[in-house]
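First chain written, first letter: the chains are A, B, C and D, and each begins at residue 1.
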């Protein structure tokens, strides 16, 4: 709790600014309708900066970025973190190299995740797959996992756990809900979301012309 | 009429500014083509601020926001309110908590409302349904009512009446015409429109890949 | 030619500014890819302001707006008017009330005009049809004429002539080419284009879900 | 290497600025998801300005534009050019009049190039075909070549070579990868990309309503 007692604000300004700005970019892509979506960044080994619940993610102010502990609780008891804060904490705890997590609701991710009850969506022969760490060729099949949605957050966290155990996937979809993706920085996490949404948009088109 | 006799303008600047700005956001979403759409906000128990008829709703000026009474008539006899002003008044009279009403014309709302003569469009298993007050889970079916269009405004108002009697729905569609949605504030009404348009866009995609 | 001999520029600044700005709006809608599209405004009974050929219509400068006579020839022999200038002149000569003509290339107009060899696209039961002068109800069928494309401009003008003789239609499409629409002012012509493109986008969606 | 020894920077500011700005325009069109895409411009007979690898092409800074030789190697050994630099060099070496090359990843180009194993996509009866040099009518069939993707860059270059030998095509697609197009200037290359992407978007729509 030392951070809290020091003079520095619980959320350093740079962290707040980068989450506010990424919200504007997600909004321009139409991925955060209404008050949907949430974004976070790892501050240090005790603090995560995350978007407040119930605000439009394309019009955030620094004040909408709050600090939570790794157990998902807010440092300031007056703050209400997003209901999905635990999904962010889970990723930070699993992957030491992850510095930011982004969650959005796109039409393509929502529709494709609801189009079947499959556990994942397979992508192959896309050059852009190379954008995902460790993949050196487009001649590969990559699976974006899909988990069923659940309002019981601990149960949803448990459902996601084995996916992360398998090593860092590209990200994952929650059925009828949206995408979770992450990266070393907020900027890199956004690139990951953009690349995955591009693949989902392509898959949606391919299913129409088939 | 006291408001009119006082020094304050019939439409307080804050109300005009928020309707002008929401028009710019609706326009960026492509939901107000030509001079389509209209927006309003409740000023007090005798005045409603509403967009003037026959102007582009993405390029409003404060002067395009006029004051009307709850019977839909303009305070300034020189002002021509939107033909659909009565649909706005009806919502304010029915729901004391509503502070703003937005009406737009999107491709998805227009096409889906014309795709069948059903009385509503059902949404289920979408996480975003939780954005609608009082809904705690995605495991629910929600109906967005659709009423047939009518150029006789009192008759259209009568057609909408039973929907509102049933309690506050999410909003409603007029067939081949567009969406009406509302909220406590202009900002909240926009979130409602964004969430409903997201659901309509998803439904349109789902009908294509089926 | 008095205008040319006077001190005022051949294209008054206000006319140039409104065509430059409408180009930016058409571009944001993605209706002027590459150097496609052309826009004009009636200056007086001898001059029409029109976009120069071979420039990007979303990045015009005042210098790209040139003055032509009603026979389509440029006042400044060094200026190269758009190849389609005669289609603009024809509309101004036919309809005294028309102050501006806009031509763009949208995906929907191009695809629908090529989808059949019909002489028009019918729209019915759309509320937005009321946006077209003289139409008081959505319960009507309106035809947007489609003429075959032709690189012989006088021949294309002759093909359009009977459509205009029939009285002012909504505008027209040239097959595989794009839309022509007009209005009393540049702003009103843009509303007409927006409303027609909205109808075309709806029709394209309806043909997919049928 | 004289350029390198002179006082002028390896990449003259004007070249950097135009590539930074075109990246912003490509990004607004959603053609450079993640860190995809690369752009270049011919500086002189020994230098090509090209985007650095592993940056977001919609948010470039002048520092992200580096100088390479016609063999694809960077002048500054610390610079890492895009893996596809050789595809740019090949075009400059083949066509003396080409001043800029743009590569992007659009949904339409990716999906259509993967929809069949054909060696090209044919366009006919589109007015916009006239935008491509030397074409005087829409009554023509134009082929946009498609080559199979390959992570072996020299092999991919060899696959593209015969297309360029055939004379300057419109540009070409790499299957599952994206578009390459060029022009005398960065601006003209963008017009070419916009026109080709418009045609690809139209073809994608036509395949849906067929």
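What we mean here is this: a residue touches a chain if its C-beta (ideal position, glycine included) is under 8 Å from a C-beta of that chain, and two chains touch if they have at least 3 such contacts.
From a predicted model like this one, the values you see are computed outputs, not experimental measurements.
Graph distance from subunit A to subunit C, where chains that touch are one step apart, equals 2.
Annotation: 45 Å between the Cα-based centres of subunit B and subunit D.
Averaging Cα coordinates per chain places subunit B and subunit C 32 Å apart.
Counting partner chains per residue, subunit A has residues 208 touching two or more of them. Arrangement of the chains shown, judged by which pairs touch: one closed cycle in which each chain has exactly two touching partners.
The touching residues of subunit D, when paired with subunit A in their complex, are 30, 33-36, 56, 105, 107-108, 110-111, 114-115, 149, 151, 174-178, 204, 207-208.
Residues 29, 125-128, 130-131, 136-139, 187, 191-192, 194-195, 197-198, 201-202, 205-206, 208-209 of subunit B are the ones touching subunit A in the complex.
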